[in-house]
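Submitted below is the structure of interest, expressed as structure tokens.
Chains: A, B and C, in written order; residue numbering restarts at 1 for each.
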Amino acid sequence: MEKSTDHLSIELPKLHILMDRSTEDFLVRVHKRTMAGWKLGLSESFFRKILYVAGAFVLVILTAIFMSLAITAIPSIGHFGVSFLFGATWDPVRNVFGAFPFVIGTLFVSLLALAISTLFSLPISIFLGEYSREGAISTFIKSVIELLAGIPSVIYGFCGLFLLVPMVRALEIKLNVAPYGVGIFTSSLVLAVMIIPYSASIGREVISLFPSDLKEAAFSLGATRFEVIRKVILPYARSGIFAGILLSLGRALGETMAVTMVIGNSNFIPKGIFSPANTLASVIANEFTEATGQLYLSSLIELGLVLFMVTTVINILGKVIIHRMDMKEK
Amino acid sequence: MKYVLLLLLMLVALITATVDGAAREQELIGAGATFPYPLYSKMFDVYSKEYGVKINYQAIGSGGGIRQLINKTVDFGGSDAIMSEADLKEASASILHIPTCAGAVVITYNLSGNPQLRFTPDVIADIFLGKIVKWNDRRLSDINPGLKLPDMNMTVVHRSDGSGTTFIFSDYLSKVSKDWKEKAGAGTSLNWPAGLGGKGNPGVAGLVKQTPGSIGYVELIYAIQNKMPYGMVKNKKGNFVTATLSSTSKAADTNLPDDMKVSLTDTDAPEGYPISGFTWILVYKDQGYRDRPEEKAKELVKLLWWITHEGQKYTEPLEYAALSKKAVEKTEKLIKSVTYKGNAIMK
Amino acid sequence: MKELAIRRRIIADKSFKAIVVLLSFASILPMFFILFFIITKGISVVDWTFLTHLPKPVGEIGGGISNAIVGTFMLIIISTLFSVPVGVFAGIFLCEYRKGRFPYFVKLAVETLQGIPSIVIGIIAYIWVVLTMGSFSGLSGGASLALMMLPVIITATEETLKLIPDSLREASLALGVSYPRTILKVVIPAGLSGILTGILLGVGRVAGETAPLLFTAFGSPFMNFNILKPINTLPLMIFNYATSPYPEWHTLAWGASFVLVVFVLGLNLFTKVVTRKWKVQF
């Protein structure tokens, strides 16, 4: 950015050709006064330095977070190495820790939740992006989706615990499965509702941005709405929708409270969809305050490190795709 | 400008509140066992009304109490588990186990009709090992001749957090079942072979209460307060005993070591309930660590004395066994040994 | 022949629309379920005693959530104080400097920070504040919430300021106003509605957070105005009471949920109104 003072002092001499004496005097006086005022006020370079510091601060915080996690996880990393991720035993008594049950639990719950939520968020995206872009119904549904996103996670867990769990338990009794009520299935349902807003809003934006002239060309050729959506809009919006799904996944992976309350808290590899389990996040929530022993605590923090890295990668991937789509627009 | 002033004002208000509050009243922070939580909750409420000192106790499990005490983030820890060698080494200072009461770990279950069941040690071990999976298993019906048990699957509920209740329970099972000792062992957090996990005694009680056909272990008062049935257990002398105030006290009436670190499980007392245990408040022997003010140490000692004397009258209404005279004598010696930078606090 | 094909296509078109509409409206169901239950179960619990009294010990009926309400507000104030100054300035930075590697990495850092799970933030706050201070405190809770609010405020500030046309900046600079004054007294006031929206959004997100507070704020049965001591908040209380087996505590949890939901949704509504009213049009 060029220095604005230079800009001003170059302008002034040129102006005086076009104006009479009095105006020029006036302007010169204004200029001098502002310059004097400037010297008394905040210096520009100082201000810019503050801006840089603020920006750097964010970088420092992020690095510090990563370092803190990595350093406190070292005892565990050193002890178990890479096999930590595949170790199936989590035994605090014998000091044997393996992350595999939680990796499976996290993947199982998140992917199932993703599948269920996409079943609803995709139609919502299409509905709001194509069929009903404006008007009362559109605003209504948009508000509902926003409200869904605003409800705190502990309340989802609470409602899940008292409303959903008895229903799932009744279902399990009918299916002749252990009537836990809690477990992977229940957690996925609760999680699915929580992540609908994320993929729905991005999907809606992408679909509504589809150039209308292309649409009109397709309509004029006699295509039905369904065909236009299926064959023209969706392929175009595919990457945007995918990015929205990735973002939902990132959110699902890290969700803690609602899942902890309905997942059943079992440190074993879950056997089926109705089994109790634990996710990376829920086991940390359950066992962190009481991990006695360096290795135990360090293993829990290593789980946090794994969670941190996985969610970061997925979120960045999603944002990169969206960014590239924005670029394509311009 | 206006915004900056507003921010500054808020900051000043916060700081004033902080400084003011810090000077005004004493607050002690404790964390740990859920086992005695109903008792502590009542005791500390009464204490704060009588003496004005607030005690903030968070029931996060015995493991949590031990961990936070080691980290010195709390004034005292609550635990039904005796601290292990490894933990004591990590604390690198002497930690006293001050007993506050004795309680019973009962086997509670959810069966229609709330039948009164009887259990033997080996059956309990095999249920929680996942070897006995149906309610109408031969071994259960053999010891419960009059009852018709349903053909239902058993859902085992255990603790998901580090628990002294688990410690007492697994300590007992390790004594009575070789299988258990090998497969699971004793500790505050186990690699449970089967079942669901609940957080804290309340979590387990809640899960058992809501899950038909489930079975779990909780401190007696949780079963009573939630009107849940619990079984009679066959003790060492062959008697089927129900967990009551008196059977717990009888189990506690044993040889007490000076440091009060003793397990009460599998008692020899003929009418003693075999899955009983003390619960302790853990404090550092020398309170002069980390620039702790002497005032706080004095308040803590006062509290410990109160809990083990006047506070004991709140134990029985909540079905906890009060400390016996012998126990109180030994405890008094322990409390008197608490020092502040080398000098005894209580003379 | 052709008519059959066309009719089939029309049927496909209509059924598709039906499915889309059905599934879209189906997603409203959970929302109404949740609101319905919270309102019906919660509203009967909420009365003046509930809002102004402290919780009672286990097994005793009655009690209230006053300390949780106060605690929630205190944590909101602390985290706002920490995150707004840094957040706004970082947002200005990202808006003023758009090209180059340094801003690129800062932007990446902001987005990464946004995605960090709340439980990991809790671990960090425990390591950084609780262990250093030697005790649980409202301060550590506030610190963790501030970390979560930061990316929201930065992004909102940046987006808002980007929308303000450069001509405003240039006009101000041309009149001789210094660069810092231009930003602080011309650009920011113009974007105030967007920045405030960002702050309110951050507050809404953070008011309902529980995970990071599990091992920082710790909870407390007492009223506490001191940020150096443990503190209770609404979400923390709901979690503790909901997972207990006592029916009296469950009732309290419904009441507390009602208060929390009213607060968070009310905040959302308020944000929308403020945005519309204060928005400067270009």
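Rule of thumb we're sticking to: a residue touches a chain if its C-beta (ideal position, glycine included) is under 8 Å from a C-beta of that chain, and two chains touch if they have at least 3 such contacts.
Given the structure is predicted, the values throughout are model-derived calculations rather than measurements.
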Intersection of contact partners for chain A and chain B: C
Best-connected chain pair, where connection means C-beta pairs in contact: A-C
Rounded Å distance between chain A and chain B, as computed from the means of their C-alpha atoms: 40
Inter-chain centre distance, chain A versus chain C - centres from mean C-alpha coordinates, in Å: 14
Approximate Å spacing (C-alpha centroids) for the pair chain B, chain C: 37
Residues within chain C bordering two or more other chains: 243
Sequence positions of chain A contacting 2 or more other chains: 289
Residues of chain B touching at least two other chains: 31, 199
Chain A residues touching chain C - in the complex, by the definition given at the top: 4, 7-8, 30-31, 34-35, 38, 41-44, 46-48, 50-52, 54-59, 61-62, 65, 68-69, 72, 119-121, 123-124, 126-128, 131, 141, 144-148, 150-159, 161-163, 193, 196, 200, 224-227, 229, 250, 253-257, 261, 281, 284-285, 288-289, 301, 304, 307-308, 311-312, 314-316, 319
Residues on chain B engaged by chain A in the complex (per definition of touch): 31, 60-68, 70, 84, 86-87, 90, 153, 155, 160-162, 184-192, 195-199, 207, 210-213
For the chain B and chain C complex, residues of the former touching the latter: 7, 10-11, 14, 17-18, 21-22, 27, 29, 31, 37-38, 41-42, 44-45, 48, 54, 56, 58, 71-74, 199-200, 202-203, 205-206, 209, 222, 225-226, 290
Contacting residues of chain A [partner chain B, same complex]: 89-94, 96, 165-166, 169, 173, 178-182, 264-267, 276, 278, 286-287, 289-294, 297
Contact footprint of chain B on chain C as seen in their complex: 56-59, 77-78, 81, 85, 130-131, 134-136, 218-222, 224-230, 243-246
